[in-house]
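Below, subunit A partners subunit B and then partners subunit C, in two separate complexes.
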Partner chain A sequence: MWKKLFKNKTALIMLIIIFATTIVGIFAPLFASHDPYEIDVMNKFAVISLEYPLGTDNLGRCILSRMIYGIRPTLFLSLMTMIGTISIGMVMGLLAGYFRGVVDEIIMRIIDVMLSFPSQIMIFAIVALLGVDVRNVIIANVIIKWAWYARMVRTNVMKYRSKNFILFSRCIGNRESFILFRHLLPSISWEMAVLATLDIGWAILDISTFSFLGLGVQAPTPEWGAMLNEAKNVMTTNPVQMIAPGVAIVTCFVSILIS
Partner chain B sequence: MINLQNINVSFRKGNTKSIFGKERQQVLKDVSMNVEEGDCVGIIGESGSGKSTLGCVICGLLKPDSGKVYVKKPISVVFQDYSTSVDPRFTVNDIIIESLTVRERRDGIKLNKDNEVYRLLELVGLGQEYILRYPHELSGGQLQRICIARAVALQPRIILFDEAISSLDAHTQVQVMDLLRQIKLKYSLTYVFITHDLTSVTYLCNKVLFLYNGQVVETCNIDGLRTIKNEYAKNLLNSIMDVPVK
Partner chain C sequence: MKSYIVKRVLSAIPLLLCISFICFAFINLIPSDPAEVALCVRQTPVITEQAIEEVREELGLNQPYMVRYFKWLMDCFRLDFGVSYTNPSRTVLGEFGRCLPATVNLVGASLVLVIVLSLPIGFFCAVYKDGLFDKIMRELVFVTTAMPAYWIGLLLIWLVSIRLNLLPTSGSRSAEHIILPAITVFLTYISTYIRLIRNNMLENMKEDYVLYANARGLKKENILVRHILINSLHTFIVAIGMSVPQLIAGTIVVENVFAWPGLGKLCIESIFNRDYPVIQTYVLLIGTLFVVFNLLFDIIQYLIDPRLRGDN
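Take a look at the complex of A and B:
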């Protein structure tokens, strides 16, 4: 696996970017030169310098420091979204695919209903119902996206449930929990891991989009989407304030997709 | 040990035009069979005759549409495709321990699993060096022996072999058949041998059941093979045996 990875230079570079971003985010206080919340109106729109490598924003806050601290909510919230989505999708897909019959019919009809709605519109609707808060954006994302995973898991479970090792387990009267968690879950987990890594990129994009629209992370918390929102009014006068988080989101998204 | 009465099994046709269509294909029609303790019954038939479906009914993996099923448990099974018969993430040790754990729970006993695994591997002619190997590190014959060890580990009353030796080469087939004979004698097991290969049936079984188009067309003892009446069974035998059946 490592040999294959080292041969694929693009994947390696992208993985290094993701790894470095995560490390910088985790140890943000070590890398950030300023407090991301520290307002210095006298110093607003400061140009790029050694003290402020990306300049300052409209409130005089260090853009680079805010970018570094912004990694935390962006990655953490997208991870939370993915964990919630995969957990629910996995359980529902396993139940539908393994037990079939009435259980499958009920779960699949719910999934059909969930998938028939345009996802973004539904997320807006759920956020509007629950209130503007980043927690509600995550809940809305999970509610909308679990159905995709459940369908994928169900398809994979159906593929594996007719394999002879599962039939043998059922024939000798092994516990359903053993079959589900020792045979089926590990069998499908690799495929789910690939799907999940692809979707983390989309989750980052979603969280940033909702923060940009003012529905997710709220000011003054540093988050890339929220930073874009704050920067849109000064886009022409101080483009760095918008370009920096924009480039960061795109880089992160592309790195995850390509790696 | 096994008593099946008027078993009917049908599946919904895949090419049904309407999504609410109820058109079904009859796979087993009024199948009845009786297997006594210590018997080795061969179920013979061409592809699509319903042999494996009957095997699934015996194993309890498939509920028939109608009819009575009585099978004395525990029952174990060995499949044809050894490559999908074992979890590719399990080592030989894990594979056999799965059956041992079920046996422990069933009998309410505590087994020395390591010793049991060694003993079972020895029984099927494999050494202790195989214990930590994964399925992809074993040959077809070795893997089928592991499947047999796993089936025996359950200490079943009945073992069902669903084309268990068909995919092995001729030399390994003979070895495995000898092994099955020894195991049967040692543990006084009852075998149900599903196959399309009459040679293995004549070698192992004392009763033969001919299945054609989902129906049992002939049942006889192995000694009475040459006096069978049914045309299909006769033709099948003639196509395999050197001496024609009158």
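Take a look at the complex of A and C:
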């Protein structure tokens, strides 16, 4: 597996980018030269210099430090979204695929209804209902997206449930819960993990979009989407402020998609 | 054939009812009491318990849930969606009437761009597969997929409006204003259609009828356009048609970047102002559009593609 990875140069580079971003994000205080909240109005729109590698924004905050601190909410929130979606999707999919019958019917009908809805609009509706806050954006994302995973899990479970090792396990009288969590869950989790990593990219885009619209992470917290929102107003004077977070989002998304 | 259409139309009804019910439940889930809100809207100076009771009686809020739902549904059929909370002098219908034309213009313009450009690009990508043009276009498709719509919008504003000073940055006063938003929407959606046309054509090229046409000695251009392209168009038309509601929903972001006075901007403003009737109607509208367009183009696909009718 490692050999294969080293042969695929693009995938390797993208993986390194992702790891580097994560590490820089986790140890942000070590890498950032300034406090991301430190306002210095006298020094606003500073040009690119050694002290401020990307200049300063409209309030004189160091853009690079804000970018580095911005990794945290971006990655953390998208991870939270994925964990939430996958766990609900897993449970529902397992139940539907394993027990079939009435349980399956009910869960599948719910999934059908969820999937036939325009997801983006429903996320907006839920955010509107719960109030403007990034937690609600995540909740809305989870509520809307679990159905898709549940269906994938269900298909996978149905593929495995008639395999011999499961039938054998049932023959020797293992409990249903044991079969579900010890046999089925490990068998399907690999495929789900691959799907989920791909989807983190979309989660990053989604959350930054909501932050950009002002519905997610609120200023002054440094988050890439929210930073773009702030940059929108000062675009004429300071385009760097707008370009840097955008490049970061696209790079992150592309690396996750390719690797 | 008729039975298929009837079946499809009938199957859409439960879905529409479901959407309407969720929209209705939505406004009943809001944290504030509708009667209290109604009093606020009427600008009653002092809100007493008794006044709330009276309004509840008047609005029929003390009736059973299902009765209220059917009443609300009937109101919706009469296009009476209630009154905006933030702006009591305006009905929700009026607000939508004010904002809908801008969104329709924007979606129409982007749709024209998508159709006019993705068809030839996809066509040439398939014809010259793995050639230079195809490679460049594939990269471009990838890049536009990876860029979020709002960032494309911001980059375009910066590049075209600020650096080159060619077009206005925002608003909708003249025809020039629509160019940048339309290009932004178009750029976010074009990748899907280029890929669709390209892959469809490549698949069709392997079919027997193409081999036969070649064997008959027809001209290459003729085969490409009259046979392969026309056969690939079915899916394209259906996909374009079904994506119209998606486009309308997708303009939320672009409209906010360019301050385009359409439905998307109205929706975001309503979310900030907690103007629930507007949001409710917006969700209802988009949900209904989704179902209706899906239904319509399902039937159209059935009509234009004889292969699907084989089973009956």
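The rule is short, and it goes like this: the second predicted complex is superposed on the first by the 259 of 259 C-alpha atoms of A that agree within 3 Å, B and C clash if a C-alpha of one lies under 4 Å from a C-alpha of the other, contacts with A are read in each partner's own complex, and residues count from 1 in each chain.
Throughout what follows, a residue touches a chain if its C-beta (ideal position, glycine included) is under 8 Å from a C-beta of that chain, and two chains touch if they have at least 3 such contacts.
Given the structure is predicted, the values throughout are model-derived calculations rather than measurements.
Of the two partner chains, neither subunit B nor subunit C is touched by A:Gly101. With both structures placed on the common chain, the touch criterion links A:Leu205 to subunit C but leaves subunit B unconnected. By the touch criterion defined above, A:Phe253 lies against subunit C but remains apart from subunit B after alignment on the C-alpha atoms of chain A. When the two complexes are overlaid on their common chain A, residue A:Gly173 makes contact with subunit B while staying clear of subunit C. Shared-chain residue A:Val113: touches subunit C; no touch with subunit B. Contacts of A:Pro186 after superposition: subunit B is touched, whereas subunit C is not reached. Judged by the touch definition given at the top, the superposed model places A:Val127 against subunit C, while subunit B stays out of reach. Put subunit B and subunit C next to each other and count what each touches on subunit A; the higher total goes to C. After overlaying the two complexes on the shared chain, residue contacts for A:Phe165 are found with subunit B alone; subunit C is out of touch. Interface of subunit B with subunit A (complex): residues 59-61, 73-77, 79, 81, 84-87, 89, 98-99, 101-102, 106, 150, 154, 156.
By the touch criterion stated above, subunit C contacts subunit A in their complex at residues 15, 18-19, 26, 29-30, 146-151, 154-155, 157-158, 162, 245-246, 249-250, 252-253, 256-257, 267-268, 270-272, 274, 276, 279, 282-283, 286-287, 290-291. Residues 113, 116-118, 120-122, 124-125, 127-129, 132, 205, 208-209, 212-215, 228, 231-232, 235-236, 239, 242-243, 246, 249-250, 253-254, 257 of subunit A are the ones that touch subunit C when the two sit in their complex.
Of all the residues in subunit A, the ones that touch subunit B in their complex are 163-165, 167-174, 178, 182-183, 186-187.
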